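Next come two complexes, and both contain chain A; in the first it sits with chain B, in the second with chain C.
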Partner chain A sequence: MPDKPSGHDRATRRLWPALALPGTFWLIALFVVPFYAVMAVAFSGRINIFNEPIPAWNPLDWEFSSFGTVISDSFTPSGAYHEVWVRTAIYTFWALVICVAIGYPVAYYTARLAGRRRGLILALILAPWWINYITRMLAWVNLLQDDGYVNKALGLVGIPPHSWLSGSSFTVVWALAYGYLPYFIIPLFASLDRIDQRLLEASRDLGVGALRTFSHITLPLSRMGLVTAMVITALPMAGDYYTNTIVSGSPNTNMVGNQIELFLLEGPQKNIGAGLVLLLSLVLMFFMFYYLILTQRASREAAR
Partner chain B sequence: MTVTERPAVAEVSAPIRTRVPPWRNPWRRPYVLATITWVYILWSLVPVLIAIQFSFNDGRSRSTWQGFSRQWYCCNEGSVFEDPSMFHALRNSLILGIATVIVATPLGVALAMGLTRWRSRASAVANGISLVPLVTPEIVVGSALYLVFVNLYHFIPLGRPAMLLGHVTFSVSYVLVIVRSRLLSIGGEYEEAARDLGANSLQAIRTILLPLLMPAVFASAMIVFATSLDDFVVSQFLFGSAENETVPILLYNAVRAAPTPALNALASILLVGSFLALILALVVLRGRRRTGEESALETLADWG
Partner chain C sequence: MTSDPNDPARLPPRPRPQLARRDLLRGGVWLTVGLGTAPLLAACGNGSSGQAANGGAPYELARPDRPVTLAIKDSNPPIADGLDPETGGTFNILNYADYMAPGVMKDFGKEHNVSVQVTPYNNYDEMLAKIRQPGESFDLVFPGPSVLSKMVYADLVQPLNHSYVPNLRNVWPEFQDPWYDRGAHYTVPYTIYGTGVMYRADRVSSVPEVGYDLLWDQQYSGKVYVLDDRQEAIAMSLLRNKITDDINTSNADDVKRATDSLIQLISLVKVKTDINAYSEVPEGTATVHQCWSGDVIAGQYYLPHGQTPEVLGYWRPQAASDYVIGSDNIAIPKSAKKPVLAHMLINDLLDNKIGLRNFGWNGYQPPLTKLSATYLTDQGYIPKNLANSVVLRSDFAKGLTFYEVSPSTEALWQTNWARFKAGA
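And then the complex of A and B:
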């Protein structure tokens, strides 16, 4: 044999890191470094002749005055961005409430009761994943126009037409829920699917009613799935700006994402935009961290 | 004899059936949940179907049906294939999608092999980094990439090169997740057997591991293509100037500006593109199902 086992093993040992290297390098150069660039711009203290911030690549040059302004303008009630943050929180909250109210029954039925139609229902629930998000919003813009099908249908039952697409919070919240529900249902489906049917049958055999079986068995066992689904949908919802622009387009419904897009792509104050990105990431990281603690606690309980 | 026995059976079963009110009967059919599920499915898909219907409208309206026509697809003034910006956007999307597949798939497959088989502290860190893009809101990824291209990587201009790098960055993580789940289910035994029979590591990968991974590799390539076609946020931050517009960007910019059914036609073409990619992926994964593994749809659901 040409290769001695020892040389062979050494080559193998080097092979796996070598395979992982290009991808790791790519992610460092185009994911980690860009995030550092956000900080370098957010903490920049100098501007160039176009009034644009000069990024401070050296942490020793970081100045926190503009980021401090972003924070105080976000958290004090009279601050310039306070309203936008509050609105983001409220919209995300109500959209999540709608997601739970619609998504839980749908996921439950699909996972546990759909029987032989399960494959079909699952396919139909997954279908929106592969329909472009902008297309799904465009579809609603068609329907919600002043002379669209929704107003025509309302007219049939005698309700006067409503202007849905000009700065209505109601439309934005429902559009967010509509947009993200497919992403909410699937993780929940996976966790409901894993519940052992025998536990539910045992509960029923012991004479427990359907509602109590649900609150004592199904809900606790699907809690982590529910939390996962909420995190998976809340993170992108909180950073969403396109839904809002498409179905409302009014500054009265602006969310944080709209503010970030405005500062980064349409104005010179990129340090403010970068500061908002940083703040949004910190807020979302806080929730992610809490979620990770929850999952770890859950897996520890499961191991016990 | 049977005639005399039948009433006896009815006597026994009838009282039981009447004693249990329907809401206490655990075996009743779940009509309420079934209704919610089907109403949800209709709500999630019918608007898109109506949007597709209006792409065939014989008139300029997107809310009043005026008869069937193919004029918004081809060969008429203002149709998708005659409107320069729409045709251009379609071409841009297609080129970007294919280029992303070509770069991201090998990168992700190598990364998955490396990270799965290489066990060390460094690989654990690389593992962590590679999954973060999956949970990072797109607006954070998009704005971070935008800031790094504008401020640090000056040699990569905004436009096609920057968009390609951005799309590959979020796609690598998809490939990684899909290929790794397959790698873990294959286990290391086949490569070990190949090496015991005298193959070196590279030969083992090429002749044993890659063929076994092929369905997952192909499926992830198709999913990368579909997600690249559908991406809006990263593209919007990086596209630079109008000649690099992709279909989602064009849809987003045009949807509020009194568009014609040609916009619906463009959205429908995009939809067909990503569904074709998805169906190809499902067909290949279905081949796996015959070998006794879980259904392709449920695999997809698990990746979610």
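And then the complex of A and C:
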């Protein structure tokens, strides 16, 4: 190492932080500031005559009583929002299970076996993105009507019709999985695609069967992709409030997002809505941190 | 919501092909309805209100039995008499979505050489936020009684100059001098509606004396809807369970009991919530749906091919004094750039012919004396079996109505509503 940094070194030292500027600005403008605003509303509780919250910008003015109510109503079993939180967790969990069950094989096939059809398959996976999410859900409402095509098709094989849309958790979970599946497949595909083909060949050359190759090579190497895909889909699912509104509309399938919407849309208690936003963010952040720890550990292992 | 066959600007006729016509229709309807279903939207006639943060509002709260006169301030005078209407540019209307007939707006624009634009809102909080935006200007707005006083207090609307609105005499006399705006200083009425129950007459064998009981009837499980509106839903439960007649009650115990009864509906009939009775009942998705009377009138145009309005039914309380009614008004924002033109459109909307045309499109009844139930059924706007959906003058005089309550009462109702919506 030279004793004095050369001119070139100094330039690069300034260049790299400069490159981070747009990202930093983005993060501050679109995350830190809004998040602070949510806190200022959640910890205020004052409104003007127009039902608009008066945020407490100064942390010294913060009051935590209504946020405390939000927390106790969320986490005590008899609390008003307890049920909604449990439901949100269960729906997100099962929708993720479905995503893994359907998405992993699809991503695997596309990355490893599709060959020349890979472009076509990728295009098909992305095709739903050409249509607005809400429109796709409304299309399902048509299909799932009592006299819709789904029931007609089931009738052909002798299964009696089912009221899919009358407040069924089953329908909501499948709708969530359907809606977010492409978001799940794409990052997983990217990570499966990056696995070095030679590792798999080596494994087979050494006489390991296809299944064990998968469980010992492919699965561990795609673990980070799997976790990324799960995080990317779980975050929006947990905050979703329109999927269940469209395919159910019943109070017994409402999720946390619906409660947030109820309080933020109108009325004098926007601080409760902001409190729920804060709580949801904290819960999701907990998982994000876990994810970041995993990524760091993985990159450390890779460096070794 | 469309109807008037004479309205040139009505939506194109729905397709009537042999193949999958019904699905096409539904596709068309659902797209429009989609906007309504989208949770971002709340109800028409949804009364949201409030006071100063610390209790006592800085203005008088209007009550049917304690009418208020909204003073005309020197700092906010009405426009002078005899001005020429403005022309050119845009005429900006701040209104609920799909609440005024496009044909009416288009013709008005053509007549005065302006392009008429609507900025939609879903509830009064949103309306207030939009009208208060600095630099924003609107020429017409539709505030209900529960939000009017604060708008006058904050100089968001301007007084009317009645010399431009001679058609005010076409309106029911009680609306020329209503309790929320004595002397109609700031508003004229736009629509009036009642809250009742719309049902499929072909599936409901007998309607009980208290029609609300239809919603608590297990036979219709899975096809029962309440309005997605905390005031309407909880008020219905207050009345149905005879808890109190005071549909603005601040009694925590009463509101809790009414909500508990609503919560029963979840396990009893798998209740759902939305504000689309006008399409859900005709299409058969709902058998029983709490609704606004305007939905019933619009509903006939959402019937599947081959079905007649006889399959629909509407229940409302017999006595006017048990009937929940609401009304919306028209006012001119202080920020209006075309106040003369705004007065002229107001006058047009109170014209019997234009009022009827607008009603034919949106199904919501203007309180014009000429448009009585008999007249509207004779003219074919309302099927005979649904004539009870027309709101009568006696309903307005004696009916129950939502008015502006304190934020703490509002919070009490909202917290209970959240309990119901959580499906606990």
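Please note the rule applied: the second predicted complex is superposed on the first by the 260 of 304 C-alpha atoms of A that agree within 3 Å, B and C clash if a C-alpha of one lies under 4 Å from a C-alpha of the other, contacts with A are read in each partner's own complex, and residues count from 1 in each chain.
As a working rule, contacts are C-beta pairs under 8 Å (C-beta built on N, C-alpha and C of every residue); 3 or more make two chains touch, one makes a residue touch a chain.
Since the structure is predicted, the reported quantities are computational estimates derived from the model, not experimental observations.
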*Considering only the touch criterion stated at the top, classify A:Ser250 as touching first (chain B), second (chain C), both, or neither.*
second
*asked:* On the A-aligned overlay, A:Leu262 touches which partner chain: chain B = first, chain C = second, or both, or neither?
replied: second
_Contact breadth on chain A, by residue count: chain C or chain B_ = B
*In the superposed arrangement, which partner chain does A:Ile121 touch: chain B (first), chain C (second), both, or neither?*
first
*asked:* Output check: A:Ser166 vs chain B and chain C. Expected answer is one of first, second, both, neither. What do you get?
replied: second
*Kindly classify A:Tyr108 by the partners it touches after superposition: chain B alone (first), chain C alone (second), both, or neither?*
first
*Go through the superposed model and pick first if A:Val84 touches only chain B, second if only chain C, both, or neither.*
second
*Does chain B (first) or chain C (second) touch A:Leu21, or do both, or does neither?*
first
*Please work out whether A:Gln145 is in contact with chain B alone, chain C alone, both, or neither, and reply first, second, both or neither.*
both
_Under the stated touch criterion, which partner chain does A:Tyr242 make contact with: chain B (first), chain C (second), both, or neither?_
both
*Across the two complexes, what residues of chain A are contacted by chain B and by chain C?*
134-135, 138, 141-142, 145, 241-242, 245-246, 249, 261, 265
_chain C-touching residues of chain A, taken from the complex the two chains share_ = 46-52, 54, 80-84, 87, 134-135, 138, 141-142, 145-146, 163, 165-167, 241-242, 245-246, 248-254, 258-259, 261-263, 265-269, 272
*Spell out the residues on chain C that touch chain A in their complex, using ranges where they run on.*
23, 26-27, 30-31, 34, 37-40, 42, 46, 48, 50-53, 57-58, 122-126, 128-129, 132, 150, 153-154, 221-223, 266, 270-274, 284-285, 407, 410-411, 414-415, 417-424
*Can you list the residues on chain A that touch chain B in the complex?*
1, 3, 8, 11-12, 15-24, 26-28, 30-35, 37-38, 40-41, 55, 57, 102, 105-106, 108-110, 113-114, 119, 121-143, 145, 147-149, 178, 181-183, 186-187, 189-190, 204, 209-210, 232, 235-236, 238-242, 245-246, 249, 257, 260-261, 264-265, 270, 273-274, 277, 280-281, 284, 288
*List of chain B residues in touch with chain A within their complex*: 23-24, 26, 30, 32-34, 36-37, 40-41, 43-45, 47-48, 50-51, 54, 62-64, 107-108, 110-111, 113-115, 117-118, 120, 122-123, 126, 129-130, 132-133, 135-141, 143-148, 151-152, 165-166, 168-169, 172, 176, 195, 198, 200-202, 205, 226, 229-230, 232-233, 236-237, 247-248, 251-252, 255-256, 263-264, 267, 270-271, 274-275, 278, 295, 297-298, 300-302, 304
